[in-house]
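Here come two complexes built around subunit A, the first alongside subunit B, the second alongside subunit C.
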Partner chain A sequence: MGDLRRAMALVRKDLLTERRSKAAFNAMAFFAAMVLFIFSFALGPDAPSMSAGPGQTLLQYLWPGLLWVAIFFTGILSLSRSFQIEIESGGLEALRLYPGDKKAVFAGKLVANMIVLGAMELILVPVSAVLYNIDLWTKLPALMGVVLLGTLGFAAVGTFYAALTSNLRARDVMLPVLLFPIIVPVVVAAVKATTLVVRGDPMGELWTWLRILGLIDIVLLTVCTLTFEFAIED
Partner chain B sequence: MAENAKAPGVAGDPTEPAALVVEARQVSKRYARTWALRAVDLQVVRGELVSLLGPNGSGKSTLLRLLTAVTRPTYGQVKIFGQQPRNGLGVRERFGVLPHQSYLYGELTAIENLRFAATMYGMLAERDELVEALAHVGLAHVADAQARTFSSGMRKRLALARATLHDPELVLLDEPYGALDVEGIGWVDRFVGELREAGKTLVIATHEIGRALALCDRAVALRGGKVVFDGPTSEYEGAIDGATEAVGLGVKV
Partner chain C sequence: MGTVVLFVVVAAIVIFVLVYGMRLPGMSENTMKRAAMITGALGLLLLAVGLYLGLVWAPTAEIMGDSYRIMYVHFPSWVGTAAGYLTAFVASVLYIRTRKYGYDYVALAGAEIGLLFNVTGLITGALWGRPTWGVYWTWDPRLTTTAIMAITFAGYLVLRAFLEDPEARARVSSLVAIIGFVNVPIVYFSVRWWRTLHQVQSSPDTIDPPMVLALRVMMIAFVLIFLFMLTQRFMLARLRGEEELEAVRLEVAGD
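After this line comes the complex of A and B, so read on.
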């Protein structure tokens, strides 16, 4: 119970800090907008897709992959910021000084990251759908499930590595370098599941991919939770 | 240094395990290729006020960081209240720390900083209690101001309030007089005096030799990561007389 309250205190503290500074969210919103526009310009808004059916543009065909690229690239900013708050206050020592299981610190940071990432996705998903002219509205519940599972795996590993690299001088470089190879299974499963939601699932594969994504999340969450104490050690 | 722990004015008998609050045995700490501490022994008994003296880089802060278990010793063992501070059940709740850096969250108000610390220490603190803690360090009037707007002295006082919020038995202060004006120094002196009256055990790392000797029962001087003096403060001047070079301060008390 004490550790649950500690985790919630961390969530409140991080969200309050973010609400007042808006350091991560403003940067994320700007970066997400840039990513969406750059994809649009690079691939061409009306370029026809050779692989998809008639009337579908390349952007619409690639949207599931582009969405996750945008989520991961934008999310890096939020993950990095979550431990930057601690460094600005003097370092991770403060978190090590407090009693209780350090898993509570991981849980608190993870939930705070999930909330910030979730807020960003609530804007990113509909805006990108409108921008790329994708009909999502009937598929939203299933898509939300996929986005939630994908974000959980990404945030779990991201929170762990953000803590691990927070004391490094080259942390802004090291975080993506360490994080992206580990989340490849999340990327593959999340993009596949999103594609099935958007384009339809005639073979009934969606449930299989959701289970794979859920299993990957469980493994990553377990490993990161159990090893987090070592990540914040001196 | 066990024999030196039997200093005059000490409230407990160091031969009784229950009275031993801090116990560091042959503690060494290496950062990369540099030894910050070399085989340091330190015992502090209940109710004792110990000052850690020494120049910059002598190992004072490293020793405090080892005692609070924010870092592990390379060699040796540290016990607080007879338990390893890192894994001991209920040990961290029994000590409070004023770190060298404030560890305050600038975007949070003074009261929010204290509330966060209180929750992390497992306390359910009401606003009135937190305001009272702030009033104790003269910050009640800025309870709802963000900590980033505070002067360094105010931040130090807020960090002091946080260090003692959970009524710890052992208080470790790292440079409590650093970056303080005369008024701030007076606040810290009064604060330390109140902790002493309350029977707390204190370990203070400071450059302020005169104040440390006046306030504390015992002085432990470090240089180059080694203990060069450990004894009653009354004997410090005589022991160091003519040997200020050994302590590395170049200042005669």
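After this line comes the complex of A and C, so read on.
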């Protein structure tokens, strides 16, 4: 019970810091907008005759993959900040001195990161759908489930590695280098599930992919939770 | 054959990690050097025999022609890769539990030698894939998984280079090795459900006996060479590590 309260306190503190500075959110918003524009310049808004499906532009065809690339690239900005701010203010020392289980610190940081990432996705998903002309309003509930599960796996490993690399001088290089190979399974499952949601699911595979994604999340979450206390040791 | 080789490899690794990581500070330098030399010489000898058997003595394959002969290097490389990463994983877990630097040196040696064999396997595989499949690379589960493994452990080595404090380096890199290793099967299965192409492994029943013999000799040669390299790398890491700890101690004493 005490651990739950400690985790909630950490979430409140992180969200309050973020609400006052808006540093992570502003950086992410601009970066996400840039990524979306770069995609559309690189892949073109016109309908190519051969590669995409009938009546689809390349951007529409590739949207599930592009969306997740944008989420991961943008999300890493906020993840790397989440322990950097603790280091800068000496807050990590205090977190280490907290009584109780260090899993509470991980849970708190993870939930706070997920809320910030979720806020970014709440803007990124509809804006990209509008820009690339995707019809997803009827599929929104299923899409939200997929995005939530994908973000959970990403944030779990991301929070863990952010803690691990927070002391490094080269943390901005090392975080993506270490994080991206680990989230390959999340990428595969999340993009597959998103494609099934958006493009229809004639074979009824969506449920299977959602379960795969959930399973990956559980494994990654378990490993990260169990080893987190060693990650913030000093 | 696959299971026997795997058993031998796993046993060799566990013995290596336990003996070298724990006891080596007590074991004399000369004994270890001599053991490494004997292993290395035996490995080289078997490598020469195996290469002769595989490249000259074994018959040409029915369909693939002579290009199949790259398997005498390709398969044993994966045994070396598996052995190296498994060593790194086991040693990392032991480091986190016991905090003995010996295990950190073993983990570094395992990761580095594993990466070496991993890259060898990827390159020989690509060279074989071009004449057989028509492409150097495909996004098959095994190819993808091994490539991700290489990136993961390359990241592990880069990370070590950025960490100067011996304690933090050992602790942080152990965690990276543990998570990276646990991730390997997850990558494999997720990509497998995504798409698949790689041919199933041949069993000894479906290939010619001379080929099996040549392959076995090569496997044993690679395992011996792996152990030799692992020992050498371990001794080097220990030498550097002790020097580093000594420097830290002197600095503290000098204050």
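Operating definition for what follows: the second predicted complex is superposed on the first by the 229 of 234 C-alpha atoms of A that agree within 3 Å, B and C clash if a C-alpha of one lies under 4 Å from a C-alpha of the other, contacts with A are read in each partner's own complex, and residues count from 1 in each chain.
Following the convention adopted for this analysis, contacts are C-beta pairs under 8 Å (C-beta built on N, C-alpha and C of every residue); 3 or more make two chains touch, one makes a residue touch a chain.
The structure presented is a predicted model; accordingly, all values stated were derived computationally and were not measured.
*Asks:* State whether A:167 touches subunit B only (first), subunit C only (second), both chains, or neither.
*Replies:* After superposing on A, A:167 lies in contact with subunit C but is clear of subunit B.
*Asks:* For A:71 in the superposed arrangement: first (subunit B), second (subunit C), both or neither?
*Replies:* In the superposed model, A:71 contacts neither subunit B nor subunit C.
*Asks:* By the touch definition at the top of the document, which applies to A:62: first (subunit B), second (subunit C), both, or neither?
*Replies:* A:62 sits against neither subunit B nor subunit C.
*Asks:* When the two structures are overlaid on chain A, which partner does A:2 contact: first (subunit B), second (subunit C), both, or neither?
*Replies:* A:2: touches subunit B, not subunit C.
*Asks:* Look at A:89 in the shared chain and tell me whether it touches subunit B only, subunit C only, both, or neither; answer first, second, both or neither.
*Replies:* It touches subunit B, and subunit C stays clear.
*Asks:* One more residue to check, A:233. First (subunit B), second (subunit C), both or neither?
*Replies:* Touch partners of A:233: subunit B and subunit C.
*Asks:* Which partner does A:98 contact after superposing on A: first (subunit B), second (subunit C), both, neither?
*Replies:* Touch partner of A:98: subunit B, not subunit C.
*Asks:* According to the stated criteria, A:112 is in contact with first (subunit B), second (subunit C), both, or neither; which is it?
*Replies:* neither
*Asks:* Using the superposition on A, tell me which residues of subunit A are in contact with subunit B and, in the other complex, with subunit C.
*Replies:* Residues 233, which sit in both footprints.
*Asks:* Quick one: in the complex, what on subunit A touches subunit C?
*Replies:* Touch residues, subunit A against subunit C: 157, 160, 164-165, 167-170, 174, 177-178, 181-182, 184-185, 188-189, 192, 212, 216, 219-220, 223-224, 227, 230-231, 233.
*Asks:* Considering the complex alone, what residue numbers of subunit A touch subunit B?
*Replies:* Per the touch definition, subunit A meets subunit B at residues 2, 5-6, 8-9, 12-13, 16-17, 20-21, 85, 88-91, 93-94, 96-100, 233-234.
*Asks:* Give the list of subunit B residues in touch with subunit A in this complex.
*Replies:* Where subunit B meets subunit A, its residues are 65, 68-72, 90-93, 97, 99, 101-108, 112, 115-117, 119-122, 146.
*Asks:* Would you pull the subunit C residues touching subunit A in the complex into a rising list?
*Replies:* Counting only subunit C, the residues touching subunit A are 96, 144, 148, 151-152, 155, 158-159, 162-163, 168, 171-172, 174-176, 178-180, 182-183, 186-187, 189-191, 193-194.
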